[in-house]
Amino acid sequence: MSEAMQVKKALAPASSFKLVRTLGIVATLSGVLVVSVYDFTQPFIAANKDAMMAKAVFEVVPGVVIRKNFVLTPDGLVPDNGKADGAKVLAGYDAEGKLKGIAAEAAAPGYADVIRLLYGYDPECQCITGINVLQSTETPGLGDKIYKDAAFLANFEALDARLNAKGDALAHPIVTVKHGTKASPWQIDAISGATVSSKAVGKALNDSAQTLLPRLANEWEKLR
Amino acid sequence: MQPDSAMFIFLNALIVNNFVLASFLGICPFLGVSGRLNTAWSMGMATSLVMIISSVCAYFINELLVAMDLEFLRLICYIAVIASTVQLVEMAMKKFSPALFRALGIFLPLITTNCAILGLALFQTFRDYSFTQSLAYSLGAGGGFTLAIMLMAGLRERLALANVPSVSQGAAMSLMLGGVLSLAFMGFAGLGG
Amino acid sequence: MALLSFLRKATFSHGIHPPENKDTSDMAIKRLPFAPRVVVPLSQHFGAPAVALVKPGQEVVRGEPIARAEGFLSVPMHAPVTGVVESVGLMASARGPKVPSIVIKTHAAASQRVLWGAPRDVGDMDAEAIILAIQDTGMVGLGGAGFPTHVKLSVPKKYTIDTLVVNGCECEPYLTTDHRMMVEYPQDLIAGIHIAMKAVGAGRALIGIEDNKPDAARALRGCIPQGAPIDVVEVETKYPQGSEKLLIKTLLGREVPSGGYPYEIGVVVQNVATLAQLAQLLPESQGLIERVVTISGPGVKKPGNYLVPLGTPLRFVLEQVGFSGDASQLILGGPMMGNSVASLDVPVTKTVSGILVMSQGKEERGAGKVHPCIRCGKCLEACPVNLNPSQLGRLAAKREYKMMEERFHLNDCFECGCCSYVCPSNIPLVQYFRIAKSVNRERAA
Amino acid sequence: MSSDLNPQKPITMDTFMRGVWTENPVFVMLLGMCPVLAVTNSVANALAMGLATTFVLIGSGTLVSLLRRAIPKEVRIATYIVIIATFVTIVDYAIQAISLEIYKSLGAFIQLIVVNCMILGRAESYASRHRISKTVVNGLGTGVGFTLALLCIGVVRELLGAGTLLGFQVFGEGFQPWVVMILPPGGFFVLGAWLLLFAWLKERSAARATATEGKEVVHAA
Amino acid sequence: MSQPPLRVELRTSPHLRTTLTVETIMRNVVYALLPLCAFAVYQFGISALALILVVTLSCLGTEALFSRASGKGNTLSDYSATITGLLLALTLPPGFPLWMGAVAGFIAIALGKVLFGGLGFNVFNPALVGRAFVQAAFPVAITTWTPPFAPGRFVEFIPSTLALPFMQPPEVKSWIDGLGLDGYTGATPLALQKFEGVTSSAIDLFTGMAAGSLGETSALLILLCGGYLAARRMMNWRIPVAMLGGAWVTAALLHWANPGHPDPWFVLFSGGLLFGAMFMATDMVATPVTPLGVWVYGIFMGFLTVIIRVFGGLPEGVMYAILLGNAAAPLIEHITQPRIYGARKRKVES
């Protein structure tokens, strides 16, 4: 509350006692209102957020029941306590607590604006298991096929993301290829007419996987 | 370009998703103060200035509020701090650079509480921009606003001498111009991707 | 560009090339008979009107002063014919409203030799005396606005003149009076140049002639005495080459400062006809009583260059040369700068260089529909002073006269009409500008 | 000045209709243009935005009206802004609690209600001078006017741009959507088109009026 | 005084004017466009013919409607609406549904021209306003290309052409496959280059043997028709020269810095650059009038075209470059006012 008071003082330089008192009353009133609404809504909001996340993660890592949040700091993977800095990694487990896979965010500029997506990765098969577009303003009818077109989404059911022998990069970079020319499991078949958006998805995945997966290589035990 | 690079953020706010024409912030001054080129220029400059100031302010207030777990006061603090900072800048300007004050001064109070400024602060918070990113964003937004309002003012000065039908004079015309400008800026889609 | 300029004729930038129609250029100057009655307006040139010296009923002889100058910026008038003053009062004029004029009834039988004046030796006179003497001749510029010649030759003390520019361009279509003057009276012109050089203290003279008049250039070159500091320069045939500002640019590369006069950059400009006339009148102490006029146009039966006594009414002139009835327009002067008149009672004055009778042709500005400006930019490419007539025109249409003056240099427009000529939208640009200027002048007053 | 500004006057239909029609904040006053253009790409967004704004209008109006005698002149605007910001924050949390989907599609524009000049304008020129009941009715009118305007724009944009209304297919399968309508230019065009329509109607009725007047004069003569 | 015996008119000077009038200019632009239309019909068949007719009639109809409503009388006779229609049609893909063409024509005239006061007052190129609108409204249809010289083109419509009003056009992919044209991929040379790195043969680009919008395919024909207009001084040659020069230099610099970027000659002859520079950037109504401004304007548009093509999400940027050029025209004009004759060095104190 204290900042709010100071701020209001700054707004009214001619601060006689009455001015300060009125402002104080109003500020207190607002504060009380805001805080009570905040307290009241917080559980609902948290539940909403959780449900949304659960749905998103379930889509990219099928079979997830329990989720845990981690952060990949320079010193390694640590549980997310809200303070650590680094890339967020969501680990998903089935009901028995067995690791089903992880989910992470990726982004790249698409046709209209940045496309943000969540993708799942399964350490067992060393492949990407699904994507969920979190944010996109791609053109309806063209670019929006990256989350509406079933054929395109099928690319990500088991997209090869193996590490190379040295373990410092993907064995095969993930690339988007022209529609109808997909030949290898690490390639993404572009949507005809929305090559730009398709390529953005490929780029986002490749950028994220190339940096994240090598660093996770030694961390899987912590997740299990 | 990486989507979180400062350059990308700058270009995005400047042209690709122009702050005014695609993000719809600062529409009121864009429509209202775009009648003459020189006022539009002053408005653009003043807005850019206030944007940079408020972007910096908002960044630090947010850090402070997050640290103190007072995020629910964010909106109230943003608007209050931005308003008072601009007031201070105005006073300082009056004292140290009367010429600049004469050029921009009358616009400052008008700007303080418009949505371009608060929108900038809120968007940079929503997108978790770092300090550099915020700065790049505010520069892009200020530039984008100035660009849009200058183009608009140029067109409107030309149209002031045209035989515009009475029905389409005024706000309707400005909106249509804004629409065509917005169409034209769609050409920048995907730039830097 | 710099390389090419060796190959090109000396010229200024922009301007236009209207069809020349100079069919009368080979026709020698002929004298027109005297009209039964002549009308001499007291104000027929730039400056204060003259004051009448005669009363109705008074006999005058050809060449006699009939009105005196009123102050320095004014010139006297001389009787163009021998006859009797019929009246002194308001008469129709080319400018529209009626103006005070002296009407003289010609003595049909009287000899029309000039009986006034006495010879004198111009070579003995100093600059000041020359200028006073010129005022007495009643000379005004025969090339353009009719500015009193003696005023133009009295350069303020603080400026020194290095060059006298002699304007023999005659860039207006149809007109050939200057051309004929140069071909027929080259000696007089050279003499006139010497007088003017002396009056202004110029060390040299440049005669600018458009390259469509090689015979005139040849004639003049043949007359220039060995070693005299006088040069003939052939310049590109292009309208408005003859405008003094542009001729100076062409010949000397100098620009008359905006709102200023040529003397500020050491130049005085005189028209060839003015100087030739001067050389004829000054040694005899005579006054200006007649001038050469090109009478031409599709509506004229006997086009030609005629020596016409001042004050001769148009009706008489046209009767003499014959004209067809379907004339649509009568122009005094050239088609680009001249005025159109509606009354045949208007007299020929000192500034009338041509009388054109036009019939409806497709070249004429006329019924053509006026469109809004399509911003083709042709007017900007035509304007010799680099104005933006397109913008000026738009402003004029919205009556933004002040803005025209303050931001778009309206007052630098010298009304050459190039912009109106080229405009595909048929917008009367220069006409707008005249209105704008006069409104501004009124508001300022 | 019109009678309604007299604080003593009772509540009339005009108190309400003024904001809805004659002083419609969008079509007549052209206030708060940013949300009007930004969130009208679907009817649902337009409706949510309209309701949120109405709530803030009424809430802040009530509080301002309540405190109108206590607030000193000098800190008037600052107080109003704090009050408005409070209600905006409340709405913001409420929407998050109701539906994150809507919250995401409205983005920062909910919070930007703070700077909507319409709300500050109402607080300053109406709420601070009238009793609560009148303020509420007037605020409701203005809010309804704003919401209706948003809906006018939103319906056209969603109908043409996606062939749907509130997400339900209207035109059937083969309909070709006009994507431009839900893109940013569409916002400008649709609002511009409404203004053109109103201007044209006004001009036509004015022309009719003078035409009939002219006739009457003829008859009289 | 007696009355003058003649009926003469009183006018102020100048009493002469050129024979080059707005009507003459516009009529000749139509003449210059007809060969392009004819070639488009030869290349794409009756679908092209139908599209050209529908778009042009839509423009003329809209113009007539509004000029009647605003009491301006007949404004069709200045041919400018015809030009708008023809140019708009020539920038559309051959299989563009006719009803969308009609929408484009209406928007071009209504939003692009009438709104601002008609001929001479539009601030954007009307044809491009129409095209930009339909491009944003129907992005799929406007990026669906069909091959030139399809066997039955003079007897059969492209299926998408005849889509019912307000209905989605049918897929043309199966139709194209059915034509049995070897190696046709449904992409324009520009898209092939941008998305697949395949550069088309220069000779095909030059003579028009490639896919693309109706009017843009034959560089040769465009140069001839544009050259005719330039030679008759009905078009300002500086604009295409500046625009093409600006594009070439920008592309050459980029190509030099990174040979992965397209070759400048390819840039020049592919897509709508040549067509746009010749016929659309030169729409004088929306260009700066100042002589220096014209150069700045052209170079600016050429630069933008290449930047959009190379770095943007779209294979083609000419239309947007010209619209942005139009938008910037007043500003360009503002900073390029000519220096007047005799301008004094320092401000005179007055």
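For the reader, a short list of remarks on this structure follows.
We just call them A, B, C, D and E in the order they show up, numbering each chain from 1.
Everything below uses one rule, namely that contacts are C-beta pairs under 8 Å (C-beta built on N, C-alpha and C of every residue); 3 or more make two chains touch, one makes a residue touch a chain.
Values in this document were obtained by computation on a predicted structure and should not be read as measured data.
Think of each touching pair as a link: the shortest run of links from chain B to chain D has 1 of them. Between the contact lists of chain B and chain C, the overlap consists of E. Between chain C and chain D, the least number of touching-chain steps is 2. Central chain (C-alpha centroid nearest the global protein C-alpha centroid): E. When every chain is reduced to the mean of its CA atoms, the largest separation from chain B belongs to C.
Averaging C-alpha coordinates per chain and comparing to chain D, the farthest chain turns out to be C.
For this pair, chain C with chain E, the centres built from the Cα atoms lie 49 Å apart.
Once the centre of each chain is set as its mean CA position, chain A and chain E turn out to be 44 Å apart. Between chain B and chain E the centroid-to-centroid distance comes to 33 Å (mean Cα coordinates, whole Å). Mean C-alpha position of chain D lies 40 Å from that of chain E. Within chain C, the positions touching two or more other chains are listed as 372. In chain A, 4, 8, 11, 30, 34, 38, 110-112, 139, 141, 196 are the positions where the chain touches two or more neighbouring chains simultaneously. Touching two or more other chains at once are residues 72, 76, 80, 83, 162-163, 168, 173, 176, 180, 183, 186, 189-190, 192-193 of chain B. In terms of which chains touch, the assembly is arranged in some other way, matching none of the line, ring, star or all-to-all patterns. Counting only pairs that meet the touch rule, the chains in contact are A-B, A-D, A-E, B-C, B-D, B-E, C-E, D-E. Of all residues in chain A, those touching chain E in their complex are 110-112, 139, 141-142, 178, 192-193, 195-196.
Looking at the complex, you find that chain C touches chain B at residues 372, 394-395, 397-398, 400.
Within the complex formed with chain C, the residues of chain E that make contact are 1-2, 4-22, 24-25, 78, 117-121, 236, 284-291, 294, 337-344, 348. Looking at the complex, you find that chain E touches chain A at residues 139-140, 143-144, 186, 195-196, 313. Of all the residues in chain E, the ones that touch chain B in their complex are 70, 111-112, 114-118, 120-121, 123-124, 129, 132-133, 136, 304, 307-308, 311-314, 317, 319-321, 323-324, 326-331, 334.
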